[in-house]
Amino acid sequence: MTSKRPIRLGMVGGGNDAFIGAVHRIAARIDGEYDLVAGALSSTPEKAQASGAALGLAPDRTYDDFKSMAIREAKLKQGIEAVAIVTPNHMHAPVAQEFLKRGIHVICDKPLTSTLADARKLVKTAENSEALFVLTHNYTGYPMIRQAREMVASGKLGEIRVVQAEYPQDWLTEAEEAKDNKQAEWRTDPARSGAGGCVGDIGTHAYNLLSFVTGLETESLAADLQSFVPGRHLDDNVHVMLRFKGGARGMLWSSQVAPGNENALKLRVYGSKGGIEWAQEDPNYLTYTPFGEPKRLLTRGGTGADEVANRLTRTPGGHPEGYLEAFANIYSEAAVAIRAQSAGEPLPAEVQFPTIQDGLSGVQFIDACVKSSQRDAAWVKLG
Amino acid sequence: MTSKRPIRLGMVGGGNDAFIGAVHRIAARIDGEYDLVAGALSSTPEKAQASGAALGLAPDRTYDDFKSMAIREAKLKQGIEAVAIVTPNHMHAPVAQEFLKRGIHVICDKPLTSTLADARKLVKTAENSEALFVLTHNYTGYPMIRQAREMVASGKLGEIRVVQAEYPQDWLTEAEEAKDNKQAEWRTDPARSGAGGCVGDIGTHAYNLLSFVTGLETESLAADLQSFVPGRHLDDNVHVMLRFKGGARGMLWSSQVAPGNENALKLRVYGSKGGIEWAQEDPNYLTYTPFGEPKRLLTRGGTGADEVANRLTRTPGGHPEGYLEAFANIYSEAAVAIRAQSAGEPLPAEVQFPTIQDGLSGVQFIDACVKSSQRDAAWVKLG
Amino acid sequence: MTSKRPIRLGMVGGGNDAFIGAVHRIAARIDGEYDLVAGALSSTPEKAQASGAALGLAPDRTYDDFKSMAIREAKLKQGIEAVAIVTPNHMHAPVAQEFLKRGIHVICDKPLTSTLADARKLVKTAENSEALFVLTHNYTGYPMIRQAREMVASGKLGEIRVVQAEYPQDWLTEAEEAKDNKQAEWRTDPARSGAGGCVGDIGTHAYNLLSFVTGLETESLAADLQSFVPGRHLDDNVHVMLRFKGGARGMLWSSQVAPGNENALKLRVYGSKGGIEWAQEDPNYLTYTPFGEPKRLLTRGGTGADEVANRLTRTPGGHPEGYLEAFANIYSEAAVAIRAQSAGEPLPAEVQFPTIQDGLSGVQFIDACVKSSQRDAAWVKLG
Amino acid sequence: MTSKRPIRLGMVGGGNDAFIGAVHRIAARIDGEYDLVAGALSSTPEKAQASGAALGLAPDRTYDDFKSMAIREAKLKQGIEAVAIVTPNHMHAPVAQEFLKRGIHVICDKPLTSTLADARKLVKTAENSEALFVLTHNYTGYPMIRQAREMVASGKLGEIRVVQAEYPQDWLTEAEEAKDNKQAEWRTDPARSGAGGCVGDIGTHAYNLLSFVTGLETESLAADLQSFVPGRHLDDNVHVMLRFKGGARGMLWSSQVAPGNENALKLRVYGSKGGIEWAQEDPNYLTYTPFGEPKRLLTRGGTGADEVANRLTRTPGGHPEGYLEAFANIYSEAAVAIRAQSAGEPLPAEVQFPTIQDGLSGVQFIDACVKSSQRDAAWVKLG
C-alpha cells in the first residue's frame, strides 16, 4: 500500500460472468494502487448497467459503450487515468485506439490483437501517444520468474542452449463450445479470437515467458497445429520448434486437450553452466542446478531469492503467493510507471512490465505459427 | 468485490516494520470489503503518526494510543465499525476490551491473549458485547482446508483415529533475538508473548488447524518443550502427544529451529475409511486416499473440489492462490457476519471463522503444554 | 560381482508364500556373493520339502527342521557358512542359538527376538561364538542413508537438536488377521511377534534408522500405544517422544492404520547448522539445507553423493535403485565381513551393518515402549 | 527364482570399466534365471582375459574375440544358450550375426545397429535363425510402463491424441570426450555410434518407450538436431515433432546438455478420455487422470496396479523397485521365451520384450531424424 492517491481506473469488458475481468479488479486492488471508478463492462447495454451496479460504480460512469466512455472520461476533471481492457481479443485494438489517442494509459489483456495488421497499427498509435501501454502477460509478474530472468542475464547459466516451454490445459478436451460455455465459445471462434486458438490463448503466454526470461530473439519457427475435437474451428494443440538468434534452440507445446493439466505452464532453460526449472502451478519455487553441483531449491522470500524477486514479494518464504499476486505485480509496476510519467520522472530501472512491443512479438508468434502450420510446418521467420 | 459499501476498519498495531499488519491490510483489501480509515499503529507516538501518514490515513484519525481511538471512533458518526488488532500478544486483551465494550467488532490476531486468565476475562467481555470477535487463525481460510473439514464431517474418512500435525520453521535456529530483529525479540520475550514461545506462536496454529478440520475435542495432552538456542527464554521446539475424546490420538510438532523449513505447516488425518494430507506451502492440493483405492490429488478450483471450497475460491484450478487469499477469506467471512448482524439477519450456515472460543481453546492448549512440560510431560487435561 | 567363490548360504523360514524370504534370496543374489544351498524353509515338513524343491535345493539339504539342519550342515565339508533366519520373531532366538554355537554366521531378520530376555541371552551366545551376527535392518543399506550418517558424523549439521522419524503403513486398517492373511496373523499375534505389534514390526525400523544416522543414544522415552482395530491383540499405532543423551529430542510415529501410506518411512534430522530429510519411498534423494542457504537435492550416484554412498551404489544417478539393492547392500557388507574373518583379516573400516547390539537396542526400544504405554506414557529409561 | 536350471549365458563386451555390462550381469542374476559362463569381454585380449578372471569365468571360456567364442561355444555340449551383446553400437551387427547363425539366442543392447543397412541385414539373419533376438530397451521392463501400455490398449484413455516424450541428461554439457572418458568417447564417435549421437543413445529409448506404451505407428517426423559443445561430432540435443498414423501427434526431446537432468526420461500420453504421466526417475508411480476427475496416483504393488504390472513386481507397494529390476524383467521375460522355445511350447501371451523389429524401428527413427535434420527439419516418412 502507498500513501499516494490511488490511480483512477476504468474497465472495458469484464462484466458479470467474465473470468478475467474479476482477476484484473483484484490485481488492481491488492496493493491499493488503483480505484475502479468507471466502466463499459459489456457490449450489451443492460448487462453493462447491471455489471456496473454490481461493482458499485456510479451510474453516470457506467457506460454502454467504450467510445462514449473514452470521450467523456477524457473530458472529466477527475476522469480515469488508465483503462483496463479485458474484452475478447478482436476488440483490444479498437478499444485501445480510443483511449490511447486521448492520452489515457492502457492496461490490456493478451494477446495484443486478433490480427497482425491490427497489432502493427496499434503499435503506431501507441508510439504517437504519450499514454503508456501495459500488456498483462501476468506470468512475468511472478517473483521467481524475475529471479530466473536475472540469473540468465547475469550469466549464471552461461550461454543459453536449450529452452523448453509448455502450457498444457485440459478444459477443452470435449466440445465445451457446444455446451453454452461463454469462455469456450469466444476462445474457439476465429472471428473473436483471431486465427490462433490454443496458440493465441496460452501458447503466446508460454512464448512470452520464455522470451522474457531468456532475452532470446526468435529467428524462425516450425509449427504443427492441430484441432483434435471434432467441429472445433481453431487449433487446440500446438507443437513448435524454435531457432533463436545466436544458435539456441527451443520447443514449445501448448494444449487444451491434455487431461490432468489445469494451467501447467512450465519453463526450463539450460545453458553451458547451469539450468533452471519453474512451474506456474508451484510458483514459489525455482530449481537451479549449477553444472556439476546438486540441484538447489530457491524459494520466493527465502534464502536463495535475490533483490529482483524480493521487491515484488509481500510475504515471507513458506507463505505462498499465487496467481493474483503475480498479476498484481504487473498492475503495481504499471502504477509506478504511470506515477513516474505524471511526475515527469524517468522510470526506475528495476521496474519491468510487458509492453506493446511484447504484444507485437506475441501476435507475430501466433501469425508465424499459423502460417508455418499451413505450410506443413515449414520454417517461418519472425518479425 | 461487492457493490455494498465497504466496512470502515481501524487498526491497532501494525506500524512500519511490522510484518503481520501489512498482511491484515492486504487481506482486508483483496475482496474490497473494508476501508482502512483509522489507526493507532504503534505504541510510540512518533511512529504511530509516521505509519498513519505512510498509509494515507487522515491525521485526525491517526491516534497515539488505542484507548483514545476507541473512545473517539465510537462517538464519530462515520466511526470505524471494526478494528484489527495486530499487536504483540500481551496487548490483545486490553485493546480488545476497549473496542468490544463500545460495540466495535474485533478482528484479532492469534493467540487470543498471553495468559489464560486474560483469555477467560476477554471471553466474558465478548459475551456481554454485541460486537463480533473474529480470531485470525488464517490457515482455516484455505479452501482445501474447508474441503478437508467437510470430508471429515461427512464421514468420508470414517471414524477418525490418528492425527499428525506439524509446523516447523527455521528462522530462530540462531539467536536472532540478540541481533536486533524486532520480530524475534518480542516473540521470545515472556513479557510480551506469554509463557509459550514456539508453542504459542505457531504450535497454536497447528493445534487450531487440527481442531478445525477434525472437530475433535482434546481430552488431555503430554508435552515436552525445549529451548535449544543458548540464552533463549522461551521454548523453540515443541513435542506433544494428544488424546482426543472418543479415542483418537494425535501428535503435534512445532519448531523454530529446524533448518530447511520455512512455514511447513502440515496436517494429516487418518480414519477407518480413508486418509487426507495437506501442506500449507502447497495449499492448492489435498490428497485423499479412500482405503483400498489409489491416492487422489484434489485441487482447489479443480474437479475434486466441493462447494465448501469453491465458495472461497477466486481463480480456476491451476492458478494458485496462497496465504494472502486464505487470510482474505477470514476477513471476507467476517464481513458477511458483520453485515448480517447489522441487518439483524442470521449468519448464513456456510460462513465460518475462528471465534473467541477457538481463541480460548488455543490459550488453554498453550497453558496445558507449558504445564505438562513443567511436570516432565505428564498428561494434563484441557479446558 | 566378484571373482571370489560365493559364500554357501542356508535359510530357515521363507518357504512358499512368505514375503521376506524371497526378499532375502534376491538380496543375497544381486551381487553374486552367496549361493543358497540348504534350507529348513517351513515348520511344516511337507511345506519345507515343497519349498526346497521349488527353490532347486538338493533333497538332502532340504531339512524338516532347523536343528537337524544346523547339526548336519556343521558337519558337512562343504556345509553352509552362513544362515539367513527369516521366521516369525519368536523363532529368531532358538534358531540363531543353534547356528551360532556351531560357528555358522547368522544373518537374521529384525526384531532380534520377541522378548528382552531372549535378546539378552542371544547376545551372550553371540559373544561366545566366533560367528558373525548380522541383523537385516535393511534400510541402513540405502546409500543416501550412509551419506546422511556421514554428514551427521562429520559435523555438517552441527549439534543435533531434533529428530523426527516416522513409519506409517495402511495395510492393517481393517482386521486382515481375520481374513486368512498369514502375514497379518503372525504379526498381530503376541505369541509369535512379542509384546509389540506395530512398534516391533516397523517402529523398530524407524528407531534403528534414526539411531544409525544420528549416532544418538536414547536416554528415555514416553510412548502411547494404541490398538484401533476392534479385536486386535497388539498395538497398531505408536506415538513416542524421545530424549537423547546430550539433550537432543525426538518424536517417532509408526502406524499400520494410516490410509494412503504404503511404507512411508521418513527421517528428518535437524542440527544447529543444517537439516536433512529422507524418505524411503523415494530413496535416491536426500535433501540437505545448510542453515541460511537454499535446500539442495543430493542424489544417489549424483554430484552431491560422497564416497560412503558411492561404494554401495551400482547405477549412475537418475537410474534409481530401490529396496532390494539396499537389502543387498546389507548382504554384501556381511560378505565382506565373513570373508575378512575367514582370512583372519580385520574388517575394513568403511564396512557397516547392523549387529546384535543394534538388535538388542531394538528390543529394548520395543520393551520400553510397551512398558511406558502400560504406565500411561511415563518416561522409561532405556538400556 | 525358479527351480529350473539356469540358462547358460555368454557375454560379448562389458569388460572392466564398461558401465552397461555390469548392469546386464546383475539383471541376469536378480531372478536367478541365468548363469554367466563364458565371455569375450573386450576387443583387447589382455583386457578380455583380466575381465574374465575378475568375473570368475573359467579360463577356457574366456575368449579373446567373439568369433572364436561363437564357434567354440556352439560346439560345446554345455555351451552357452544365449549371449548378451554389450559392445559399442557398431559391433552389435557383426557379433549378433555370428551367434544367430549358430542358433544361439541373442540379448542385445540398443540401438540395434549403427546403420540402417546393418539393421536390415540383421533382421534377415534373425528371420532365418531359430534363435530368439531380444533387444534391451530396458525401460519397457518397468511394471508401471506395462500398466500404462495396458491402459492405452484397453481404451481407458480413449483415442490417443498427444504424446510427449523426453529424455534429458546433462553429463555431456562439457566436452567429456576430450577428458579421457571412455563412455563419452565412443558415444560421440560416428564410427562407433553411427550417425546419431544423443538421438541414438537416448532419443531412441524415448521413442521406443512411446511406441511401446501407445502402440502408435509413426507416419513421419521432423527433426532439428544440434551439436552444442564445440568440437563434438554428433548431436547432443534433439527436437522432434511426430505425426502418427491415425492422426495423433507427438513431440520428443532428448538432450545430453541439460544441466540438472540425470536420466530424466518422461512419458506423457493424452487421449480423449484421460491422461497418464510417468517419470523414469520415480518409476514406481503412474499418474492417471480420467477426464473430469481428480488425478490418481497409481503405485507399483499398490491398489491401483493391474495384473500386467504385478506379474513383474517383486516387492510390495512402498518398497521401491528401480532400474535394475526393470532391466531384470527384460532378462526374465527372455528366459521364459527361451525356455518355451526349447520346450517347443508357444510363448505365453502376457510375456513381452522388445524384439528385433523394435530394434529396426529404432534405427529407422535415428535414420529419419538425421535425414530430416540434414534437410532443415523437413518431414521424413518412417519405414
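In order of appearance the chains are A, B, C and D, and numbering begins at 1 in each one.
Following the convention adopted for this analysis, a contact is a pair of C-beta atoms (placed from the backbone, for glycine too) under 8 Å apart; a residue touches a chain by one contact, two chains touch by 3 or more.
Model, not experiment: these values are computed from the prediction.
J.: What's the chain with its C-alpha centre farthest out from chain C?
T.: If we average the C-alpha coordinates per chain, A ends up farthest from chain C.
J.: Between chain pairs A-C and B-C, which one is joined by a greater number of C-beta pairs in contact?
T.: B-C
J.: Report the inter-chain centroid distance for chain B and chain C in whole angstrom, where each centroid is the mean of the CA atoms.
T.: Taking the mean C-alpha position of each chain, the two centres sit 43 Å apart.
J.: What is the distance, in whole Å, between the centres of chain A and chain B, each centre taken as the mean of its C-alpha atoms?
T.: Here chain A and chain B have centroids separated by 35 Å.
J.: Measure off the straight-line distance from the CA centroid of chain A to the CA centroid of chain C, and report it in whole Å.
T.: Chain centroid spacing, chain A to chain C, equals 55 Å.
J.: Spell out, as numbers or ranges, the residues of chain D touching 2 or more other chains.
T.: 261, 287-288, 295, 299, 302
J.: State the interface residues of chain A toward chain D in the complex, per the touch definition above.
T.: Against chain D, the touching part of chain A is residues 157, 161-162, 164, 166, 170, 173-174, 222, 224, 226, 228, 237, 239, 241, 243, 247, 249-251, 253, 255, 257-261, 268, 270-277, 287-291, 295, 376-377, 379.
J.: So in the complex, the part of chain A that touches chain C is made up of which residues?
T.: 287-288, 292-299, 302-304
J.: Okay, in this complex, where on chain C does chain D touch?
T.: It is residues 1-5, 19, 22-23, 25-26, 29-32, 53-56, 169, 261-264, 280-284, 299, 301-302, 314-325 of chain C that touch chain D.
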